[in-house]
Amino acid sequence: LNVAIKNGRVRAPTHIVSTICDDRGEEPTYAGVPMSTIIEKGYGVGDVISLLWFKRSLPSYCTKFIEMCIMLCADHGPCVSGAHNTIVTSRAGKDLVSCLVSGLLTIGPRFGGAIDDAARYFKEAYDKGLSPDAFVESMKKRGIRVPGIGHRIKSRDNRDKRVELLQKYARTHFPSVRYMEYAVTVENYTLSKAANLVLNVDGCIGSLFLDLLASCSLFTQQEIDEIVDIGYLNGLFVLARSIGLIGHTFDQKRLKQPLYRHPWEDVLYTKAVKMRIEYAGDLYILK
Amino acid sequence: LNVAIKNGRVRAPTHIVSTICDDRGEEPTYAGVPMSTIIEKGYGVGDVISLLWFKRSLPSYCTKFIEMCIMLCADHGPCVSGAHNTIVTSRAGKDLVSCLVSGLLTIGPRFGGAIDDAARYFKEAYDKGLSPDAFVESMKKRGIRVPGIGHRIKSRDNRDKRVELLQKYARTHFPSVRYMEYAVTVENYTLSKAANLVLNVDGCIGSLFLDLLASCSLFTQQEIDEIVDIGYLNGLFVLARSIGLIGHTFDQKRLKQPLYRHPWEDVLYTKAVKMRIEYAGDLYILK
Amino acid sequence: LNVAIKNGRVRAPTHIVSTICDDRGEEPTYAGVPMSTIIEKGYGVGDVISLLWFKRSLPSYCTKFIEMCIMLCADHGPCVSGAHNTIVTSRAGKDLVSCLVSGLLTIGPRFGGAIDDAARYFKEAYDKGLSPDAFVESMKKRGIRVPGIGHRIKSRDNRDKRVELLQKYARTHFPSVRYMEYAVTVENYTLSKAANLVLNVDGCIGSLFLDLLASCSLFTQQEIDEIVDIGYLNGLFVLARSIGLIGHTFDQKRLKQPLYRHPWEDVLYTKAVKMRIEYAGDLYILK
Amino acid sequence: LNVAIKNGRVRAPTHIVSTICDDRGEEPTYAGVPMSTIIEKGYGVGDVISLLWFKRSLPSYCTKFIEMCIMLCADHGPCVSGAHNTIVTSRAGKDLVSCLVSGLLTIGPRFGGAIDDAARYFKEAYDKGLSPDAFVESMKKRGIRVPGIGHRIKSRDNRDKRVELLQKYARTHFPSVRYMEYAVTVENYTLSKAANLVLNVDGCIGSLFLDLLASCSLFTQQEIDEIVDIGYLNGLFVLARSIGLIGHTFDQKRLKQPLYRHPWEDVLYTKAVKMRIEYAGDLYILK
């Protein structure tokens, strides 16, 4: 048999450190709060997220807001990258986890990932006291599109309902919404450039989360920076969209859909591409 | 140009069918319910899950139960397979989605996957009218451990708090808990065999979900079979544990943990294994 | 600091057992063979696979055959599930590993997974001495399509080149190809039923791998059963197709393709599906 | 019915563009080369990689080098992040793809990902004509460790065998190894600082790949930049290590290992961490 691991070692280090959940006692605790307290006090999903992600209880206007974000981002139809990959995997007959995961892996800079970036840039601009036009123009100079601004379909006269619902909630319940109001002034400026440069749902959640963190006075400045830096808000989108992706998996299995094969006619097989033109959302290729 | 595709085609097939979420109109709808209704009516996360997974609104005692399951399964410490893999991936410096996914992929037959199996076997046994001892003995003959029964640490005199909380809730709010009561009679029988053969949290959720589906009278028998067959309850665990896995990812990043390397001393390098003995949760190997 | 883990424990178990690669010495060894030997002896990729998967050196006609399988299965165009999901993920701007993985997760029962099943069924039938027609008819009775038989496009008069190439190689270099010849007699029988029920590439690799294992006389009967049971051949397909999936990832990045969104017109949004008809590879839905 | 789609459309856009593999004809082609040519000409795995990744046939000293890299990186024992996660997932009873994928997801900046970075920095420094000491010192000023330099165990007097094997091969077969020689002069400089700051296997492969690309005169300067930029070399490591990860999956299944649970004693459960000390590869925590 294998001999003793570390005989006589008096003070050994551990290999893993963990601070969010303790499963050793009578009942598991989330950031020190026991399971039974969570149930008995009538906590909700938003509270559990607060405990496990932020390691503290947040006031109910915050946890309610977190739950709203999850509900509003839970799904956005079968056409987006995430749902599409999940559908394809489900139709390949794979198990639920594989289907979910195949879709989740598309979440990133171009799909769902703009919330954190919106928070980062709005925070930096607001904290520095940049005027909206100075901010937008400096971004333009850097060649970066303002994350959280712009929508393919929505526009000045056809606002995104989800944005309106979140703004209304926050204006009513948050002690302060200055980051969001700043984002709105940015939107006003970009709208003067083009009608579709509205504050989108990513920008709205991103800026409002800054307000949440700043206004509840439970976080130090350093902690807020860390949260924005690590990218917690992406976690919100990822968790929310998991509901939809799991739903799409079930949906395809219920519908007994066969293996998906992309139609040959929709693929341009080529050896070399000379020029690529995007026009009205479609892709034209010159060979 | 692109319009060509649909012109003139009278009844063309589509390549994808989807029934849970429509994103084409003014605002996305979940199973026909528009976003704004969801917010205005004060729906919660459990309601959104009902709409996207079950394609109908469930009564609030059901959606509350769904939320309780999510809260209770959200995390179970850093030592279980899922959290462990997530921690290792986070310490390898990978992005949130990769960390989450690496952990999710361990969920299956041995970790977290017993809920569906518990539901399947309890349903079959109860519906057939098998007595608890006939059920348990028939499983034994088939060489299958009753899923949902047994715990490494918990026992008759040291019950799992989560099980008690769920049972209490269901007994108070469910119109009927006959599947769960059946599971309890099974537990009584297995407890007569060994003190640790308690109804565990998987068995409790599995049986109570059967009660939820059967007692709300919104599902046909065929739909219930399909739900149990496809394995919706696994989805519940997967979604719940995602909260914890995301939490562990953030935790490791906050703690700035370095790359994990499993200690050499804890590995038995061998060319051939003659015998493997498990004893008290540890593994002994004869070479 | 954390106190000593297991003071005074004389004979402790290890938590992990591993038998394929030892990285503790001067240089890593694969199944006991040091790195430098591998290079100096001019080993190839097939030899390394033999060492790490089968824990022994196989004769060169075997390792060459393994390499041929990898080359022939390396890619099969952008339309199949795996490549498609990888392409979608790459176009979402994700890193290489995420793209590869998103595609790999579609490999399973319906895509790429038939090799192991073909091996399983052909082995069982041949070892039992079932005649081809008895085998095919018994499968029909069980309601299972013979895995490894049938192709959407190829047929009696339009054979799959890959199958011919593998058969030719094996007939020339293998000491015995009795499993493959058995598969061919099965094909003769199914071809009498329909012209497209040819031995496909999965069936060909599956049966030939049985020949490889049986004819090299380096495996006990029990080891062969274990290999077929665990599903090693799936590993061959997974590894091979990784080359293609990585290639597709690079391809999309080179082409700077934008975020993929499945076209709305190609989706049937519906609340309920009454009937589903598959015809000529397309899907028709009656609402 | 379905024909409607393409009729009458003069120049329609496609939604997907692909350039590496055409599966529409008699037999699939890789970058224009048909399957049968690949087999008949006795191509190897390295040739297929050349075709699918680089879209051209490379001379045999290049494809042989690619195969050597794959063989040398195929595995590095069960303790590293990738193998560890794969082992944990395999022991959770999951399918091969899930096990492989769970391990692959740890590959990135800290594990396996240094090859591309090494290539990037060595290329930049060499092309700019920076002297080794100027390069190392400028990196130090930027606070970046030179990727490809340094090893936990290996040192001046205990070289990494894999590095020596690759260098020997390249010096014999490559027309020019100037990037690698540059890396060696950098190593000489860093070795004067500390004995363990050797050129490691990542640095060796990274610099030699630059030599491969530059010396075979089949790539334009722009193409080389693109390859280094996109990160092809990471693909090499990912593909290679897949062999090992699949091997570890099989190994655990063969050994019938039970569910892994990380030992409680090896985890520091804490609410807050004051200070973290790494010493001799172990982690000490002050609470």
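For reference, chains read A, B, C and D in written order, and residue numbers begin at 1 within each chain.
The working rule: a contact is a pair of C-beta atoms (placed from the backbone, for glycine too) under 8 Å apart; a residue touches a chain by one contact, two chains touch by 3 or more.
All figures in this text were calculated on a predicted structure; none of them were measured in a lab.
Just to note, of B-C and C-D, the chains joined by more C-beta pairs in contact are C-D. Most remote chain with respect to chain A, judged by CA-atom centres, is C. Chain B and chain C have Cα centroids separated by 30 Å.
One finds 36 Å separating the Cα centroids of chain A and chain C.
Averaged C-alpha coordinates put the centre of chain C at 23 Å from the centre of chain D.
For chain D, residues that reach two or more other chains under the stated contact definition are 1-2, 5, 11, 13, 15-19, 22, 24, 78-80, 95, 97-98, 101, 105, 107-108, 255, 257, 260, 262-269, 273, 276, 283-285.
Residues of chain A that touch chain D in their complex: 13-19, 22, 24, 31-32, 55, 95, 97-98, 101, 262-273, 276, 282-285. Residues 1-2, 15-24, 26-28, 30, 34-36, 38-39, 43-45, 47-49, 52-53, 67-68, 70-72, 74-80, 87, 95-98, 100-101, 104-105, 107-108, 158, 160-162, 165, 169, 226, 230-232, 234-235, 238-239, 242-244, 246-251, 253-255, 257, 260, 263, 265-266, 268, 284-286 of chain B are the ones that touch chain A when the two sit in their complex. Of all the residues in chain C, the ones that touch chain A in their complex are 1-14, 78-81, 84-85, 88-89, 91-94, 98-99, 101-102, 105-111, 255-264, 267, 269, 273, 276, 278, 281, 283.
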